[in-house]
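What follows is a set of structures to go through.
Shared between the two complexes below is subunit A, which has subunit B as its partner in the first and subunit C in the second.
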Partner chain A sequence: MEVITVYSHAVLYRESHKRKMKQNQLSKKTYQKKELHAAMLALVPIFLYHFCLVVLPSLNSLTSSFTNWNGLLTKKFIGLENYRNLFRDTDFYEAFFNNIKWMLLFITIPVICSILIGFMLSHIKRGRSTLRVMYFLPYVISAAIAGKIFAAFYNPYLGINSWLKDIGMPFLAFDWLAPSHALLSVAFVDMWHWWGFLLVIFMSALQQIDPMLYESAEVEGASELQKLRYITIPSIKSTLVFIILVSMVWSVSTFDYVWVMTKGSTGSSILSTMLYKNAFLKYKAGYACTISVFQNVLALLIFGIFNFVQRKTEDN
Partner chain B sequence: MNKVIVIAAALLLGSGCIFAKSSAGAKSRQIVEISANYTEETQVKVCQKMFGELVAEYNKKNGTNYQLQLLTGQGMDITNTRMSSGDKPDLFSIDSPSDANRYNKDGLLYDLSAYAKKYGWKNKMFPWAYDLALANGKMMSMPFGYEGLLLWYNKSAMKKLGLNPADIKDLASFESAMQKAKGAGYIPVILGTQDWPWAQEWYLSIMYSYTGRNLLRDTLEGKTKLGWKDPRFKSTVELYKSWNDKGYLADGKSYILTSDDAINIFTTGKALFKLEGTWAPYWILPLSQEEQDNIGVMLHPAINSAEKPHLPIAIGQEWCISAGTKNADICAFILDGLMQQKYQGVFLDSGMDVAPIKIDDAQYANLTPVVRNMWKIVNTALDNNQFGYATYAFYPPETRVYCYEGIVNVLSNKISVDTYLSKMQELNEKELKAGFTPVIPSAK
Partner chain C sequence: MTAQKKIHKDILYFVLSIIAVLEISPVVITLLNSLRTNSEIKTAAIGFPSVPQFSNYLKAWNIGGYAQAFLNSLIISCTASCIVLAASILSGYFLARIKCRFTRLLHVYYGFSLSISTFSFLVPLYFYFSRMNLVNSRLGIILIYTATNLPFNIILAATFISEIPRTLDEAAIIDGCSTYQLIGKIIFPLAKPLITTILLIVFVSTWNEFTLANTFLQLPEIKTAATKYVFFVGERGSDLSLIYSAGIITMIPIVGIFLLLQNYFIEGLTSGSIK
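The block that comes next holds the complex of A and B.
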């Protein structure tokens, strides 16, 4: 009898425990479900904001690219005519290749500068913060102000040229914003503005690196260059890849410095300035939408290729 | 569950804050929204005061309770966007008769004909200005502010070079003056177009208008066979290029200098002439009296025997009333108010656009001598119908943009003059075929 009772109790206990476990699991699932709902609810405003201000206008641009929209109300469906005209337009090729040049400049010079200077700064203990702030300062100046200041520096009679003549180096003075190299001169200003931001990002990444690695390397007799090559760069690889990707995508849509300094005039025309002029000066808003669709496709292509290469590299 | 309720409540409140419109007092007052393109602080204050007075005057006369909502700094890009949306202003300004034509084609403008009759605008305005406002016999906008392109000169430089502006009337005397200036180390004619490419078209407005006003008008209207490929235009562009190559035009660096550079170089006495329109007072008035007195103004000398010196004009802006507005009456009242003589003096003092009416001499009394002289030249030219056509007021938009962008390629030897003019003609024809309607007043 007692055995039966004990057994019953054991069974009951086991059943009860099973029920409790099941209840716990259910509670856990319910809890997780509730958390998920709460999280989704919290995301609704930003999703709505993004949908209304980004997704819908983008879809509108896409549909408008198939019309002869004049920026006001006239909008007639013309099929692929805008796209055909775009690929026949010599201005488009000039602007596109200028964007490619811009991209190549921005994925090399500021990235290399910020890694090298970041690496050197990470070895300095005194004055590191001060220098970091100094290098970051250009980033907080607005493009409109910085562009105007540098346009004054580039004045062929005053500014840098005047200073170069004063110090006996007039042979270095030239027309900085002449059509043949206006794009480079403007890109320099944007790089001056941008590289300090990259420096701060890379320095944060550098601080994640285990100092023991450097100590071990030093013990092994590695030079600074070898440390940079075999420890630093592999350690900040994900940050580096992200920065290069972002630089490439933003190069496709860059606008501010070029517009402020040259209005995208001959030699410095880029896709965004071409877009602006078509939309607001030539009243060819449909054609301008075509350019914006091209920019989007290009940016997505860059992103897609990066993703693909990254996944392949990780698999290997 | 509580968490969900709290988050949902927060969302509701947040959405309410984002999307709520204040309806307090909406029943008791009406808003009249005016959109203008003034950005300079003094001019914005003038707008605020003037429109405020006119709204108050209308309320007093009609027993209404309108409140003014003034938006300034509204350029064409913003106005285009607003007019294609559901949020249109009641009364707004746009850049040119061509823009007004575009807006009218899309049914965005209110027909002002009834108000024109009520207020007698035809008799108040200059005939050429009234004609510009008409579309198929109806008045669809009000041209406001007339600008002209002039040649400003440095008096002390003129004196040092032994030149007399009154003697510089034709091509030979003008080129001789420029050569003398260059030889003496001055920049003969300064202009800066790096940050303001549209400055290039100021000079092109003069050059093409001076080629022949009737020729230009017929070309823009597509009435000539050769159009822009006419040899006369080719001669003009070659002349312009020769000036650039000789260093007469900003030392061959017009497309490298900014507009501020050009102003600085002129006001510091390094240039003999500066090409600028009748809006130049905006940088002249802040100068000292001595500096202002050292600046003179004249019409550009003739460049051939076909045309005498004249004033290529543009319309400063076009005032329009939105087609769907419920406040057309007060808007028309305001438009009529803008033509009062008392406001013309205020506009002149602030460097703003004036109404296209005969302005009393008394309104010019407070102006500095050089600005008074400028208006004398302008009014004389307009009284005698001696005006030409600025690019930005009368050319089709794509042709116009190519006009000032393409010329830089000619000046930097990237393309030939023939290629440039062929492209101008191609674009002009294309835009006329696409339905662009030139709105060009006829001049003597």
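The block that comes next holds the complex of A and C.
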């Protein structure tokens, strides 16, 4: 008797389980269909929104670069006239070389500083996170504020110059934002703000390094410098390459610190400030678009060269 | 050996502390100067206030019209971060879960969009917007900020959600959850770290943003706090104490959040870049 009830229970259970499985499979299919619907309902509008606000105007920049557009009236196609003018423009060469200078500064000084200090920080435990917070602090201050405050410091009459004279370093008290070194003074502020961010990125890369490597190096009697050269740098190579690539690409279209501090006046004009002036002060929107196309070509070139070099080194 | 090591460590601490002090000294000088009088700053650019002038802050707040500027910034940053949050979690979920040609293409598209600089679209977008009366409007800048912040946060969300096990989804599906219910009830509560990171990234970047705000918000009464400060210094450049106190006022919200959350903040802002 008992055996039969158990058996019938088992059969019933199996039957119902089978039915449930079947239902599940069926509902899974209808669910997948519904899910796809829901996905398209979300993905497509968001994509279109981004496309219309960012990619479409970017493409418009490209087509406008062949016109004499002034931003307001209709455009007239003028072929390569803007490009010809650009390559004849002496302002353009000044701006371009300033961008190159900016790039060279940013792929060396902040990168070297942040690796060295990250390496030093990896040797200590107590107080490390407090120090990290202090180094990172400038990164959260807006370029608008930092730029203007440093411009006040740089003021030749009311800024830090009088203080520099007081502490006996009058040779440092020059006009910081004068054309001959305005770019360096501005770049200094941007680097002050930027290197803390790099430091955090390098610190997390340094943490991934196997401590065994350092230990065995210590047994072999390697100096700190040798450890940095033969263990640390090779281990963080991929992060380093990425940071250099990003710094180079960003240098091409850097803008805010320069605009806030000098508005790209002589000596510190860069491609972006030249573009901005042409578009919004001189109403030469077509010409401004030409500069933006040049910036993008430059960025693509950097990407291309990086890809090429990376593939070459991987082959070897 | 150990004595030598200890000396080494002391030197290390010394050097690192000096650098840290130098690094934050501009902020400290600004803070001190914000409490000094104009003539004090003119005679010595760096120094302690003889009598702290807290009235500087009140003056800067009123003359600068900071109540309006903070309200603008708050509305713009909060709205943009909430929209970006919702859109990135939705997109991120589907990009992580559905594998088809379209989603793969979208992934590539958003990755590629990361490399589009502001200047590639700035000029045409400005003249479109001015024709549509979206220049000098909060709505206009919110629309732009949302769009520019989307790609990075969508990729961030997709990466995070793809690490949530699928079995949870399946259990919810068998229980009869619809897709949107699933996102709301299962993914959202599990994605708390993601949510705070996205909100933080978008809020801070829009609060501090200069180029777009400077272009699209030109009337003083519509400006955000950061661009208002640039405008303020341009108008009242001779009033040194006000420059410094207004600077402190403008940086206080973000620096305040930063000092409260510290390491959490740092990890949030650098997440995504690490990997």
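A few notes on this one:
In this text, the second predicted complex is superposed on the first by the 267 of 316 C-alpha atoms of A that agree within 3 Å, B and C clash if a C-alpha of one lies under 4 Å from a C-alpha of the other, contacts with A are read in each partner's own complex, and residues count from 1 in each chain.
Definition applied: a residue touches a chain if its C-beta (ideal position, glycine included) is under 8 Å from a C-beta of that chain, and two chains touch if they have at least 3 such contacts.
Source: prediction; values computed, not measured.
Upon superposition of the two complexes on subunit A, a steric clash is found between subunit B and subunit C. With both structures placed on the common chain, the touch criterion links A:T108 to neither subunit B nor subunit C. Looking at the shared chain after the overlay, A:S142 reaches subunit C, while subunit B stays out of its contact range. Look at A:N307: by the touch rule set out above, it reaches neither subunit B nor subunit C. A count of residues in subunit A touched by subunit B and by subunit C gives the higher number to C. Contacts of A:N60 after superposition: subunit C is touched, whereas subunit B is not reached.
Once chain A of one complex is fitted onto chain A of the other, the partner contacts of A:W163 are limited to subunit C, with no touch recorded for subunit B.
By the touch criterion stated above, A:S238 is placed in contact with neither subunit B nor subunit C.
After overlaying the two complexes on the shared chain, residue contacts for A:K34 are found with subunit B and with subunit C alike. By the touch criterion defined above, A:G196 lies against subunit C but remains apart from subunit B after alignment on the C-alpha atoms of chain A.
When the two complexes are overlaid on their common chain A, residue A:V260 makes contact with subunit B and with subunit C alike. Once both structures are laid onto chain A, the subunit C stretch out of 40-48, 130-138 or 202-210 that overlaps subunit B is 130-138. On subunit A, the surface touched by subunit B in one complex and the surface touched by subunit C in the other have residues 34, 38, 42, 71-72, 151-152, 158, 260, 279-280, 285 in common.
Taken in their complex, subunit A has these residues touching subunit C: 24, 27-28, 31, 34-36, 38-39, 42-43, 46-47, 49-50, 53-55, 57-58, 60-61, 64, 71-72, 117, 120-121, 123-124, 127, 129, 131-153, 158-163, 166, 192, 196-197, 200-201, 204-205, 249-250, 252-253, 255-256, 259-260, 272, 275, 279-280, 285, 288-289, 291-292, 295-296, 299, 303.
Those residues of subunit B that touch subunit A in the shared complex are 1, 3-4, 7-8, 11, 14-15, 76-77, 80-81, 83-84, 102-103, 105-108, 193-197, 251, 253, 255-258, 260-261, 264-265, 270, 397-398, 401, 405, 408-409, 412, 414.
Per the touch definition, subunit A reaches subunit B in the complex via residues 34, 37-38, 41-42, 44-45, 70-74, 151-152, 154-158, 175-179, 260-263, 265-266, 276-277, 279-285. Across the complex, subunit C meets subunit A through its residues 9, 12-13, 15-17, 19-20, 23-24, 26-27, 29-30, 41-46, 87, 90-91, 94-95, 97-98, 102-103, 106, 109-110, 113, 115-128, 143-144, 146-148, 150-151, 154, 173-174, 176, 178-180, 204, 207-211, 214-215, 226-227, 229-230, 233, 240, 243-244, 247, 250-251, 254-255, 258-259, 262-263, 265-266, 269-270, 273-274.
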